[in-house]
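Below, chain A partners chain B and then partners chain C, in two separate complexes.
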Partner chain A sequence: MVPATSTRTEAAREPVREEATDVVGLGRRRAAAFVAPALVLIVVFLVFPALWTLYLGVTDYRLTGLAATHPHFTGVRNYTDVLADGRFHNSLWLTLEFVGGSAVLGQTVLGFSVAWVMRERPAAVRRTVEALVLLAWILPGSVVAFLWLALLDRDGGTLNAMLGTPGTAWLLDHPMACIVVFNVWRGTAFSMMLYTAALGNVPPSHLETAKLAGASTWQTLRDAVLPKIRGHALTSLLLVSLWTFNDFTPFLITAGGPENRSEVMSAYVYRTALGEGRLGFGAAISLVMLLVNLLIAFAYLRALRRRRA
Partner chain B sequence: MRTALRRIAATTFVSLVLAFFALPMLWLASAPFDANPKIQVSLPGFTLDNFRVLLDDPYALRSLENSVILAAGTAAIVVVFAALAAYALSRVRLPGRDVLLYLLLLLSSIITGTAAMVPIFLLATQLHLVDSHLGVVLVLSGGLLPTAIFLLKDFTDATPASYEEAARVFGASPLQTLRHVVVPVIRPGLAMVGIWTVAQVWGDFLMPFLLLRDPDKAPASVIMYTFYTEGGQPDLALISTFSLLYSVPVVLMYLLVSRRYGFRFHGGIKR
Partner chain C sequence: MDISGRLERSRPHPHLDSRFHSRLTAALAFLLVGAAVSSCGGGSSSTDPQRNAKARSVTLTIARNAIVGGKNDAEASWITKTVIPGFVAAEKAQGLRVKVVYHGYGVDDEAYKTKTALDLKSKAGADIVSLDGIWVGEFAQAGYIKPLTDVVGARADSWDGWGQISSSVQQLGSFQGKRYGIPPSTDGRVLFYNKKLFAQAGLPTNWQPKSWDEILAAGRALKRLPGVTPLQFNAGTAMGEATTTQGVLPLLAGAGAEIYANGKWAGGGAAMKQVLGFYQQLYGPNGLGDKKLQEEAKGRDKSFEEFANNKIGVLLEGVYLWRAVLNPKDGIAKMADRDQSVGYALIPAVAPGKGVKGQSFVSVSGGAIATINPHTKYPQQAFDLLAYLNRPDVVKARIAGNPEVTSRNDVNADALKDDPFLTYVAQKVLPITLFRPGLAAYTQVSTALQEATAGIVAGHGPDDAAGRYTKALEGIVGGSGNVDAH
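The block that comes next holds the complex of A and B.
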């Protein structure tokens, strides 16, 4: 069952640990049987779809009609079509704005600022702020999407009532700004928690020294705090970028519209593949998304390893 | 002078943050109890009638039931399968174990529902899993299992093997040891993974939206978007009460987790 050579080298390398770890006497065969059910589900419903994307991308698969039953091999046409599609360029650019604006800038800056300012606030204030920020993060996506629709509503929205700008259609006039601000609101909690924990690791003596030396807040942050939290900052940046890139909630707020002006990748792939039924074309976009995810994930794992090293 | 300015700046900042985060949520607190709910936040003329609207709607409660089915089904599969796999991977040195774990971590973060919605939809169609709860449960389990295995393996690695050793010395079979020694010891880890899975599935919109056509089978996250009046306007009484009812379990679960396991969620709790 198991190739003998690999077993022997494995055993030769760590003979002691091998004996010591399997205390229950499970044995390799049974251990493999324990891993199998999980592995089968992962392979069928996670790995296979990703590999299938490669095949689907080279066919003219459609949701309905002739190409639904007898898809044809079309080579790299879907990929060249995607790369030449103006809507794809538009979507790529909007996604960059969305991820850069809401995750990299918005969530990180706001999350860090909240963590930094809250260090010196009374416990009651701190707990209230943290609870609200967390609530925005844990409420179901469908609910928060509707809350923002209500907030930004053109005719009766709370925002218009507060600002005294009745009739301003925020979602039609500034769809990208809306989903960027929304996502800052939605996801700041993670950065806040992470930087709160990271700031706890900065030795108080460093901050004291900076204070005694008369350093400004900016200088303190740059010289005493940043070197200590740089590793955390990089990994969290990559993680929130990955989540934001794959977030489907913007679709619930603007549905990619109006006129594709907020059509980030997640909305673009849904609308082309399932809205318009062009599955082959959609699969080609999917592959682009998977590759972007792969890049971010590799960068993340590398950063993580360097931090541990 | 400088400290005074700094205090004012900090207070202003705190107020702005509070306002920013509270503003969208005010509607969820006021509208459900408003006799005449509007899209705008207003002081409610207090009533509980809106909850009767909720009870009368044929889809509302059924959708919550569907959410429970999906969450419980996925949690059962994820907890059992992940526990078995995590235990074996933690205690037995299977060949290629480290590569496998590394790949799992990598794949689960790369292959998201959003990026892979096209092949997942087609796969479900081919396997006749469209419009079935089982299909959604299996797809979600496949996506959540790698992270669950990771969390549980960390947990098992951190528990000493001495209990298991003792049980073996006293002649317990491997399976007996698992049932009576290992499961009780790693129970907090199992609970954590279970709650995490329920939270993930409870809030998920995309997979049920993609894979379920019949509104009778749709979970709460999807059915919300069908609550319109005959005039085509959103039925605010229904949406607001339903949102509140749908959100309460998540908040309760969060409170439970933060009390039981300390205030912080695990870093990877949300994908």
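The block that comes next holds the complex of A and C.
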């Protein structure tokens, strides 16, 4: 180490402009040192696993057996197999149903409705409703999954007892409907909170004016409220779509069954990668899943940008 | 971090940067080492069988899919109440301080398998791990388990218990001629039937069908009883291996085929079509079974409950049903009048003499093995504990009050003579039984078999399901050259 000369030359080389922007006075190297631990963590826990998944996706790596110790490079075969797999098509379609039904329609519409209806209610009523809706959101997934199993059980289920329909196998006859309703129930809280905040941004004068002009509720919503909260709505839709797309809780309720009829993408990856031990194939599905996620995010971001432009 | 760095910034201290650099390097090195260690799972990588052999203070862990108050309760209680205190006391007598920790699970076998594979892969997990015999091949090929002689040395082969375990049962824990673990017990499959329902339907309560037609005839008689599912043979993918062992394989053997024989796997030929045709009688239109039970995520547990509640006429199950499920004392679906109300019969071939090897009756056996984690810190002490688990007096304690067919002939000769059911299994079932092939491809083949039966449950015909199965099988075992499709 030759500190004296090296520091001096470096100090001499540092341009004045940088000195001006460096308000904390750390210098580039010390600043880099401060972010280094965070960068190392990101590399170890994010970049490395991502690259590792890319690598696994082009091998026949398995959880057990010979291919666990000596995986072979198989090129794009996993990807062509995924794209040709009927289970994948089925799963992608079910996931889109799940996202469209529970996130885009269910949570958003219900969340907005609750926020709109509760807007002018007494604080006590509003707080109680909000607390109940929030409760569904903050309980751990494994706990609520168990509660829903008890609710929908074929023999001793609460729902059958209430409706007087003993023996109806809701989870077997309507698996998709069950997880869609479940996810609406579970996730409405987020949309509700976001829209409650967003509705606070709508100037009361606009609503008053609409009322004076004799606008119906629908007209008020369309012309006075929606233009003001469109950005919030798109952000909320983006978030809940991506969350729902990757949500694993449906697996805890139907385990992807019966006969793959509720096998959404997360369940499909889990069952192939860990259940069947096909880690290479599972990695390939994960990448395809990521691409679909990116497509969804891209579509929303474009819509947001168009709004701003 | 040295706060003076900021103050000194305007006029850099000559020594600051060097000090700073060495600290930064140290910090980075620390992080990278941490990452490297954590990615290895932290296990010891030594393979010397004598490592830590002289340790005076030792902690060992045992893991298996048995939990006090839940699945395989008797097994879990035996470990926590008999094995651990007994072993600790025995070691203490020799001046060693041993602590044994029990990791009990109460989950589906597939989930337990995944968890154990991940544990062993990351060089973690318990010192003594219990595995299903059919997993030995794939775990061995993956390097997750090693031959006992590699892990603990020559004393593994000179263990005196081997002389008491017949070689077919030893196969449960062997792969390519090497012993990987010790099987504590074995089992067999029979037809369990409810004598009360049989009496109501006008059927003999001392039943032994001689062909599949006689089973179906009994099913049709039982169908007249309201609220009763006549015949339940496991099918579909939700039940996992239970479908294969308690359904397809015994039926396939009854149709005259073995799943793996003469270097080839059985494809969707005539025998498989007969099996799938039988399933169609159960789960096709107007079938004699409850197909929803085969689709539900918890269907097998439910079938146990329904059988215990006199709602299922005939159930093809393993010895496990009798011992651990219906057991009036500590079963998971207790049946107080089990001994009087539950009958058992051998599984017949499709017709007399038409079964595998010309047999008229068939069965399938399996069992777990206990093996030593190759990455244990204390291989010698772990083997001591493994041998202790299989000591005659300790095995007797395991089956006291909950008898089962153990792997040890000396224990069986003594302990089973008062148990009519287990004597029946040991004398009538074990001589005609088949073991599943301990090959790595087996579990995938098993999945393909489950999917074939799932096809029948979903309404496809036997020919269609058999064709799909052959195609799936060829993909698994490497082409049609390894498949016998006749």
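As a convention for this text, the second predicted complex is superposed on the first by the 268 of 309 C-alpha atoms of A that agree within 3 Å, B and C clash if a C-alpha of one lies under 4 Å from a C-alpha of the other, contacts with A are read in each partner's own complex, and residues count from 1 in each chain.
We take it that a contact is a pair of C-beta atoms (placed from the backbone, for glycine too) under 8 Å apart; a residue touches a chain by one contact, two chains touch by 3 or more.
From a predicted model like this one, the values you see are computed outputs, not experimental measurements.
Chemist: Report for A:Ala255: first if it touches chain B alone, second if chain C alone, otherwise both or neither.
Modeler: second
Chemist: If we overlay the two complexes on their shared chain A, which of chain B and chain C does A:Gly27 touch? Say first, second, both or neither.
Modeler: both
Chemist: More residues of chain A are touched by which chain, chain B or chain C?
Modeler: B
Chemist: Regarding the shared-chain residue A:Leu226, is it in contact with chain B (first), chain C (second), both, or neither?
Modeler: A:Leu226 contacts neither chain B nor chain C.
Chemist: So in the superposed three-chain picture, is A:Leu172 touching just chain B, just chain C, both, or none of them (first/second/both/neither)?
Modeler: second
Chemist: Which holds for A:Pro37: it touches chain B only (first), chain C only (second), both, or neither?
Modeler: both
Chemist: Considering only the touch criterion stated at the top, classify A:Gly277 as touching first (chain B), second (chain C), both, or neither.
Modeler: Second partner only, chain C.
Chemist: Could you pull out which residues of chain A sit against chain B in one structure and against chain C in the other?
Modeler: 3, 6-7, 24-27, 30, 37, 41, 44, 155, 274
Chemist: Which chain A residues qualify as touching chain C in the complex?
Modeler: Counting only chain A, the residues touching chain C are 1, 3-4, 6-8, 11, 24-27, 29-30, 33, 36-37, 40-41, 44, 62-66, 68-69, 154-155, 169, 171-172, 254-255, 257-259, 274-277.
Chemist: Can you list the chain C residues touching chain A in their complex?
Modeler: 5-6, 9-10, 12, 14-18, 20-21, 24, 27-28, 31-32, 35, 110, 114, 117-118, 121, 135, 137-139, 141-144, 236-238, 292, 295-297, 302, 440-441, 443-444, 447, 454, 457-458
Chemist: How about chain B: which of its residues touch chain A in the complex?
Modeler: 10, 13-14, 17-18, 20-28, 31, 38-41, 77, 81-82, 84-85, 87-96, 102, 104-123, 138-139, 141-143, 145-146, 149, 161, 164-165, 167-168, 174, 177-178, 182, 199, 202-206, 210, 220-222, 224-225, 239, 243, 246-247, 250-251, 254, 264-265, 267, 270-271
Chemist: Using the touch rule from the top, collect the residues of chain A that touch chain B in their complex.
Modeler: The contact residues of chain A facing chain B are 2-3, 6-7, 10, 14, 17-18, 20-28, 30-32, 34-35, 37-39, 41-42, 44-50, 52-53, 56, 61, 110, 113-114, 117, 120-121, 125, 128-129, 132-144, 146-148, 150-151, 153, 155-159, 161, 185, 190, 193-194, 197, 242-243, 246-249, 252, 265-266, 269-270, 273-274, 279, 282-283, 286, 289-290, 293-294, 297-298, 300-301.
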